[in-house]
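Structure incoming, see below.
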Amino acid sequence: MMLRANTGLAAAATIALCVAAASLPFLGVSAYLTALVYYAALYLALGQAWNLMSGLTGYVSFAHGALAGVGAYAAVIILNAGYPVAFGLMAGVAASALASLFISITSLLLRGVAFTFATLFFQELALLFTRKLEITGGAGGLVLSKIMPVWLPYVLMVATASSATLLVLVLLNSRAGIRLLAIKNDEDAAAAIGIEARSRKVVVFCASAIICGLVGGTHALFTSALYPDVVFQVDLSLIALAVPMIGGVGTAFGPVLGAILYMGAREILQVIAPALHLIIVGFLILLVTLLLRDGLGPELLRLWRRMRVRNVQVAPPQRGATL
Amino acid sequence: MSFAPAQLLDVRNVSKRFGGLQAVADVTLAVDRGELLGLFGPNGAGKTTTFNMIAGAFLPDSGSIVLDGEDITQYAAPRRAHRGVGRTFQLVRPFRDLTVLENLLAAMPSDTAVKNPDAERARELLSRVGLIERADDNASALTLGMLKRLELARTLMISPRVLLLDEPLAGLGEREANDILHLVQAIKGDTAIIMVEHNVRLALPICDNAIVMDAGAVLATGKPDAIRRNPAVIQAYLGEEYA
Amino acid sequence: MTPTLLLQLVINGLIFGGLLALVALGLALIFGVMRLVNFAHGIFVTLGAYATYLLVANLKLSPLAGIPVSALIGAAIGLVVQELVIRRLDNRPDLEKLMVTYALAIIGLGFFSATFGGDFRSYSAGPRGNIAFLGATIGWRNLVVLGVCAIAGLATILMVDRSRVGLGLRALAQNRDAAATSGVNVNLLQRYAFGLASALAAVSGSLISMIGTTTPQVGEEWLLSSFVVVVIGGMGSIGGAIAAGIAVGLVQSFASYFTDDGWARITIFMLLYVVLVLRPRGILGRGLPI
């Protein structure tokens, strides 16, 4: 089937890109470029995590930044206790997964906005708790006792972003992915054909949180210091949703496009008008949601198809492997 | 129509109240394998509510719904689907982000199905409803008549033992309505079908048995001919049409 | 716990709760009438706060003048937003509606951050002095705030309950299609609801600027607490929003005293989770399903 060939090709391309990107620091590339690619990978990974949950189920999350933050703190706490890096990352993953279960139990079994509220408040709670608790260093923050070489978080982050993209790619072309989209489109109609929404939503959110935990733990290795206000700022959750929303929600490569666009826009804005950052991001999300529905990626694909095929009525593109 | 326990689906004494309104009062019906039961009645008769209780959209206040000896009264909709109860919706509800084929592939096989539904079975069903050419089109590109057929095929994907059709002819012109009815007859086979319909003229003739409800209770049951001639039914409902 | 202290805490709670209720009122109105969770609601609070601040700082007016001015500006901008953006959202899936109002909130936040910077703004102008009440002291300023909240709340309830417009709003909230076919002008009423809600939010912002500090995030912070209020009170329920607002205000006041501000906020937010698990349709169970 055409679709399957595309998936294989896309997966191969993703892995190739991953390897290429991961080898950059070893090729003597500038620190600036390394940081650029690192952050692009970070935003892509978070964006795919958001895409996995909100893009595929339609349940909007504002907690993704906070879930990463939870992972970061857990990782640092474990690392400072003397455990190896792998344990730290696992701790980060576990913490985020547990956090997602907490949110799921309280709100995901309900329909509609309850979940979104619960994620919104999770962000706040995480901020408040880390400021208060001793184990997280309170308002003064937490510092990683051992400084890591930059290539470690760098490679990890690139790997995480690629894995997340692969996961979304594979999922979208599986029955499980189809069923998630069915839930997103019409939960009742999905129930009528035997799709149990609750357990699926919880599982997907947990998987999404695990990616966030990896991102957070890895980023802790990169920054070496965590401050509550920085870690749990709204920005990260905003980026997590802006990247896929702008690039192409519910697709595998839309977030890739979104991450590249976002990094580009950010770099340009830093130079000319840093204060306009929020306004521009807000406007982009607004315009894309109102006018383009699915994001820039699918829209560009539609235009491309329309240019190639003359005189034939173009049906809206199927939810394919590549985009 | 008998109430012998051998009926595939046994609905006994179900009632439903919404606030101050007794929508369904002590309704009993049954349908067997290969039987097409029509559920008719004027607006507000309670037929849709009864239908929805059987489908699992909401639970009855009292009464029981037994499928092949299993009490499914408290089951949620996905669980009913797993036990072989399939339903369509009055206002079509396609999965608009998916293609026609994917709409079918989303279906979960019921526990009583012989084998797992795969793409082959999906294509076969699409052929039977006449949508095979549109298999890779996005569902949002289809007309209403096509969407109704899609929903029928999608419901059949779960290999239901009981098929519940919610006003399948609503919004269709005469030709399309007849197409759907022919389709229903063709796919019937061993499946038990309960069909709620407003269009008595077209739907009654293809039913094996029929129930007419009024004001939340059963007004008359029996074969289509008997229903047509039943004075109470004519008075309550068919009067204008059969004058 | 002396009676005086108790009274003081209650009064503080009422003031904070009154403001919360006022913000939540608009949210409940919009959700009830338009089935929309308006994440942009906080923008109007911030708007009212800065508008009043500017009136005081630049025009040397009394902040009390800021109240009607904020209301007007809030209503005007609310109507613009409703016409340009919200109206297009009618049949979109929930995810998109949410994204749009959220995007508006981000734009607003960005605008205020860029225009005013992140510093805390406050002023000392406004009603001065205290009065003694049963042993407790209430500042005149706080009293004014409480009074305005009460008046605005009462006026809104009366409008919804007694007036023809209110009847239309209630009809729309209960059954959209039936209302539309009964000749109710859906578009007009939605404009009215959104404009009114935005005006109320702006007024609360104005009041907040009087007794607190104004930052670009002030609206978002109050919005967050308001979400807790509308969930507890029941989505779409105006009476619920008011009652829950006051209740949450009191809880916050007492919690703040016995622990500290941070833990008080944590308590409020944990309340949300508890309500979601136990009573997702609000304490009284009369809210719309969320």
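First chain written, first letter: the chains are A, B and C, and each begins at residue 1.
Keep in mind that, in the parts below, contacts are C-beta pairs under 8 Å (C-beta built on N, C-alpha and C of every residue); 3 or more make two chains touch, one makes a residue touch a chain.
Everything quoted here is computed from the prediction, not taken from an experiment.
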- Query: If you average the C-alpha positions per chain, which one ends up nearest the average over all of them?
  - Reply: A
- Note on the structure: With centres defined as the mean of Cα atoms, the chain at greatest distance from chain A is chain B
- Highest-count interface - the chain pair sharing the most C-beta contacts: A-C
- Query: Quick one: chain B and chain C, Cα centre-to-centre, how many Å?
  - Reply: 47
- So, what's the distance in Å between the C-alpha centres of chain C and chain A? 32
- Task: Please work out the Cα centroid separation of chain A and chain B, and write it as a whole number of Å.
- Result: 42
- Could you check chain A for residues that touch two or more other chains and list them? 184
- Note on the structure: Given the complex, residues on chain C that touch chain A span 37, 85, 88, 93-96, 98-100, 102-111, 113-114, 224, 227-228, 231, 262-263, 265-266, 269-270, 272-273, 276-277, 280, 289-290
- In the complex, the residues of chain B that touch chain A are 55, 57, 76-78, 81-82, 86-87, 89, 93-99, 102-103, 105-110, 136-138, 140-141, 154-155, 157-158
- In the complex, go through chain A and note every residue touching chain B. 175, 178-179, 181-182, 184-186, 188-197, 250, 315-319
- Under the touch definition given earlier, write down the residues of chain A that touch chain C in their complex. 54, 58-60, 105-107, 110-114, 116-118, 120-121, 124-125, 128-129, 131-132, 184, 238, 241, 245, 275-283, 285-286, 289-290, 293
